[in-house]
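Note sheet for the following structure.
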Amino acid sequence: MSSVIKSSESEELLQALLDGRLPDERGRFGPFGGRYIPETLVPAFERLEQGVREHLPSESFQEDYARELREWVGRPTALSFAPRLSERWGTEVWIKREDLAHTGAHKINNAIGQALLAKRLGAERVIAETGAGQHGVASAAACARLGLPCRVYMGAVDIERQAPNVDRMHRLGAEVFPVESGDKTLRAAIDEALREWVSDPAGIYYLLGSAVGAHPYPYLVRELQSVIGKESREQMTRQAGGLPDAAFACVGGGSNAIGLFYPLLNDPIELIGVEAGGIGNGLGENAATLATGTPGVLQGSYSIILQDKDGNVQETQSVSAGLDYSGVGPEHALLQAVGRVKYVAASDDEALEALEELCELEGILTALETAHAYAYAKKWSVDNPVKRVLIGNSGRGDKDMPTLTKYPPRTRKHAGA
Amino acid sequence: MLAHEKISAAIRDANADGRTALVPFVTAGYPQPDEFMATLESIAGIGDVVEIGVPFSDPMADGMTIQRSSFAAIENGVTLRWIFEQLDGNHIDTPLLMMSYLNPLLAFGYEKLAERARETGVCGFIVPDLPYEESADLRAALEAQGLGLVQLVTPATPAGRRKMLAEASRGFVYAVTITGITGGDDGLPADLAGYLDAVTAASPIPVCAGFGIRAADDVRNVGRHAAGAIVGSALVEVLERGENPAEFLQSLTLAAR
Amino acid sequence: MSSVIKSSESEELLQALLDGRLPDERGRFGPFGGRYIPETLVPAFERLEQGVREHLPSESFQEDYARELREWVGRPTALSFAPRLSERWGTEVWIKREDLAHTGAHKINNAIGQALLAKRLGAERVIAETGAGQHGVASAAACARLGLPCRVYMGAVDIERQAPNVDRMHRLGAEVFPVESGDKTLRAAIDEALREWVSDPAGIYYLLGSAVGAHPYPYLVRELQSVIGKESREQMTRQAGGLPDAAFACVGGGSNAIGLFYPLLNDPIELIGVEAGGIGNGLGENAATLATGTPGVLQGSYSIILQDKDGNVQETQSVSAGLDYSGVGPEHALLQAVGRVKYVAASDDEALEALEELCELEGILTALETAHAYAYAKKWSVDNPVKRVLIGNSGRGDKDMPTLTKYPPRTRKHAGA
Amino acid sequence: MLAHEKISAAIRDANADGRTALVPFVTAGYPQPDEFMATLESIAGIGDVVEIGVPFSDPMADGMTIQRSSFAAIENGVTLRWIFEQLDGNHIDTPLLMMSYLNPLLAFGYEKLAERARETGVCGFIVPDLPYEESADLRAALEAQGLGLVQLVTPATPAGRRKMLAEASRGFVYAVTITGITGGDDGLPADLAGYLDAVTAASPIPVCAGFGIRAADDVRNVGRHAAGAIVGSALVEVLERGENPAEFLQSLTLAAR
């Protein structure tokens, strides 16, 4: 990152981050972030930014939001000690259970928050994009809860590999719009949603699902997801008797990771984001954006992206639809650049193995996305024995059954006498 | 005359000639890379300014037609570097504009970009995902070579901002005629005249209308209130169907009178 | 029920119930309950009963149990106010969110409790039966958590209609044993599990999934599920400002219903259990045991069962696998006989409609089982306007997607431009 | 002589005759209802006591063979009422026993049950899902007609309970030889002799061994330590295969000597 941030600036930026002074007025996290959008979208983003500025800090919004989180989402989510995993890894493992949140992942924290905002902004309908389908389900549910019509853009490839979530969205009254353009996954779905937004910027609220995109989304999503880290901090102190030595979260766009990390930035905790290592280190073989990407502009913000030398965005590969994205939130780009968070990758195989281990040792079927965090946390624990680690369990794995059935568990018993 | 002034001048010349300036758009290297220069030259023979689309993997502001052409061009190896190589030593008089998303320009490097553009007769740029607020660096680099950055305004742009953008724009002001994406065939909005008149009034340079201009009638309609008409998706569709782009453009010039 | 309980006894039995004096020493709830089992199983049941007596009340068990519920299951589950449903129904609707419990239903409360007991009793492995698969998944998860091997007996018919849960059990390291005998649903699965238990009563712990069967299961399961009612009581008081006028729960074997009702028995609350009305009122067309059955012995206890005049147990029919059972827990039989709880039925169609309504108004995809409770609660609310009602939302509907796809939502939007 | 004493007497007679008593079991009306009485008579001609299985929809203590026969019989309309009707006016001398799960008996009504049993030569009942503790009502109704309720003991039954059950049993004591369900072919347990001797020592009435007795060798083995051998699944399998039950039983009587 030396090309982007001079080392003299690095310390200053870190301090600004820790002080909560980022993003700045222009939506920048140091050099990252900003707002790279068509002029057609400028009024929409300005309206949104103004809405965020007005409502997000308001007591009335925060009250409504807290109540929905508590009464409907089921927060606080549990913090689980994992005795058998701890024994196996030779460390003390704690798990923040976003899988227990309504609809099965952290995505709902953001979805219900933005849906409340949409309502306050007088939107007539909500559009959203989805990759793994978790954000689509969360958006559909949040919109149903608040009585807002909802359309979800979803890549044709993802529609196929996340079939259970497509059905759930339909049930929740949302329209699922199959995106056949581009890479037919999350990236194309975001583009399509943005295009739709242009058609009626005043009537539509675009409910973006991760800490990516143009300002104010990375900020808005971080604020809404920070409940994860806030709760974790309090629960670790109370249940574990102290903060963890290290905290791990998987990173797709980076919303669950920023939600967990942000409230822990000032603590002496090693923070590690785990991306999708896919099937290899080559371009196009993974979705390890921060680990292998370069700076560029994608879908509205300047961040680290996976691209070729001509600036064309690279298609990605990952067994987990929710990590299968060529970009990453700009705040993560800065956290990496200033050295506060380390970003690594776990491969498809490692994730699958970790998923299986967690299932069999703790009876928790985690999402394929989340499994990446476990895979690396295990490696780290072997190198750093007898510590206390916290893992952000961003979602449950029910939605991944169609994918998982292609990888039968190695320990599967055979049915029959 | 600075490069971007050539654009304005070409449009004004057409108007002086009693015509609406015609600004055809073509995705570079589409449908076949080896036909690119021939196509470009034939289009430049009719258009007053020609827009060259740099294909990008993530054309978020474009409709299906241009998306398709963009992906096809990438598949065929078309890159910004390649485009400049093709343009090297060209003898086209018509001012050229490049339309590109920001990331390929970033990857190329702003300084080198401006240099190569000046060398190859490219007089300015349209960058659909670069709003004015984020454009200072690129503008500076372009201006150093006399090149222009075309700003877009839309029907939803408030008056104050419209004025600011019109004044910041170089070459012409790109007046988006519909609030959708390129390539829609919903026709043109009802209050088109008022809108275009307002942009024109705010603008020290010519105003060209674009998005959704598909037929002679559309050119005639916008021509009454704008200096030029930009024809994008409709022309790409002609190329897609393997038809003759010059013939199609010729049919529009009749309307441009 | 006049044939079973004289009206003079009725009041006395109700009082015994309210005083917490039932079941009696012999596992009886008045005339119901008891232990009708083969002699081969007597030692196993005696060992279990002794284990329950020794461990269940012990402070150490209760501590472990409370910790697992809190840290792993995610209790307390939320109590949600349902604003849009309230408006539609013209009453105040509160929802107890067992769908947010780990693995997606109330079943886990029982499964982790019994798995803890199995561990204390020194069992080498656990067997369980399952209908909807929820109890199987819960058992598989609880056994994984505690490191116990687990085999789940499941009817071949249910295996088909609850495919997602079968996959989940496999992932959680359990063996799923397809039962091809009898009705190939829950009843046959219980028989098969009992047969297996006979083969090694000391080594096997049989983790029964509902408040049915021979003593001490109905008691044990009630005690473990009562956390639902206890939490609801406290939450209603705190969140709603008072207890509900009526509380509704679906009744298959009756575990979620007894868990909700038992702690509310002494309160002035109308309690209503809703059974599966299936496709009609005829024998074999539903699973409305209490509503249409007669006293008899099935699978270990004297209760109300669906049977023909010769005492053969009737096959049942319901769109929801978890209610598709010809028997019902003996405590419910008594609660009905003494008039403390009313039992009614909701049809397949009514349940499907209720599921859809809840989805679209509150963004909660409930289980098909649970949907029956909503269906009747709505009817009741129309007849008793402007009250406060509590619904036990026993589980989530993800598992039902294969069934639900056969019934496309009426409001489904069409995909495409 | 009370009805249940006829059972004990028949077994003792066989023993006095130097034979292990043979107690065949047949599911009523299996495989064909119209062959029921003929099959029963032919079996009764060889067995010392005959067990008639009342089919039940939920035969939880039975293995696959008897389950299958039970379901088939129900399909064919076999009910307790029907069985009694068939038995009305029969001329079978061999004492009959009924084996039934509790629920069909409850549905029939205990008093009527005892009456019809006495009328039709049924001397007692085996109710596999009715442990002693729950049996008071049924025992009282049966005793009123001199009928017996056979109790089962198993290798896992503790000594105290074994004694209690043996003393409460009427007709004979049913000593389950394996801790599994009927119809297993794991063979008989190693400590069979000790177990059967202990049951016999505790029992004032004859002890018959059952579960898993499939062949002449098994009869011989249990015959050394028990008064009788109960043959269930193996006989039902013979019927299932359409073979001659009398011939099969005959082959076992050789071993019973």
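Per-chain residue numbering starts at 1, and chain names A, B, C and D are given in the order in which the chains are listed.
Methods note: a residue touches a chain if its C-beta (ideal position, glycine included) is under 8 Å from a C-beta of that chain, and two chains touch if they have at least 3 such contacts.
Predicted model, so just to flag it, every value in this text is computed and none were measured.
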Separation of the C-alpha centres, chain A versus chain B, in whole Å, is 37
Which integer distance in Å separates the CA centroid of chain B from that of chain D? 96
The positions of chain A in contact with two or more other chains are none
Among all residues of chain D, those touching at least two other chains are none
Once you've mapped the touching chain pairs, tell me: line, ring, star, complete or other? line
Which of the chains are touching one another, listed as pairs? A-B, A-C, C-D
Along chain C, where are the residues that touch chain A in the complex? 70-75, 77-81, 84, 97, 99-102, 104, 140-145, 147, 151, 164, 167-168, 170-178, 239, 355-356, 359-365, 397-398, 401, 404-405, 408-409, 411-417
Chain A to chain B touching residues, read off their complex: 26, 34-40, 42-43, 181-182, 187, 190-191, 194-195, 198-201, 295-300, 305, 307, 309-314
The answer for chain D against chain C in the complex is residues 56-61, 63-64, 67, 71, 74, 79-81, 101-108, 128-131, 133-134, 151-154, 156-158, 161, 165, 176, 179-181
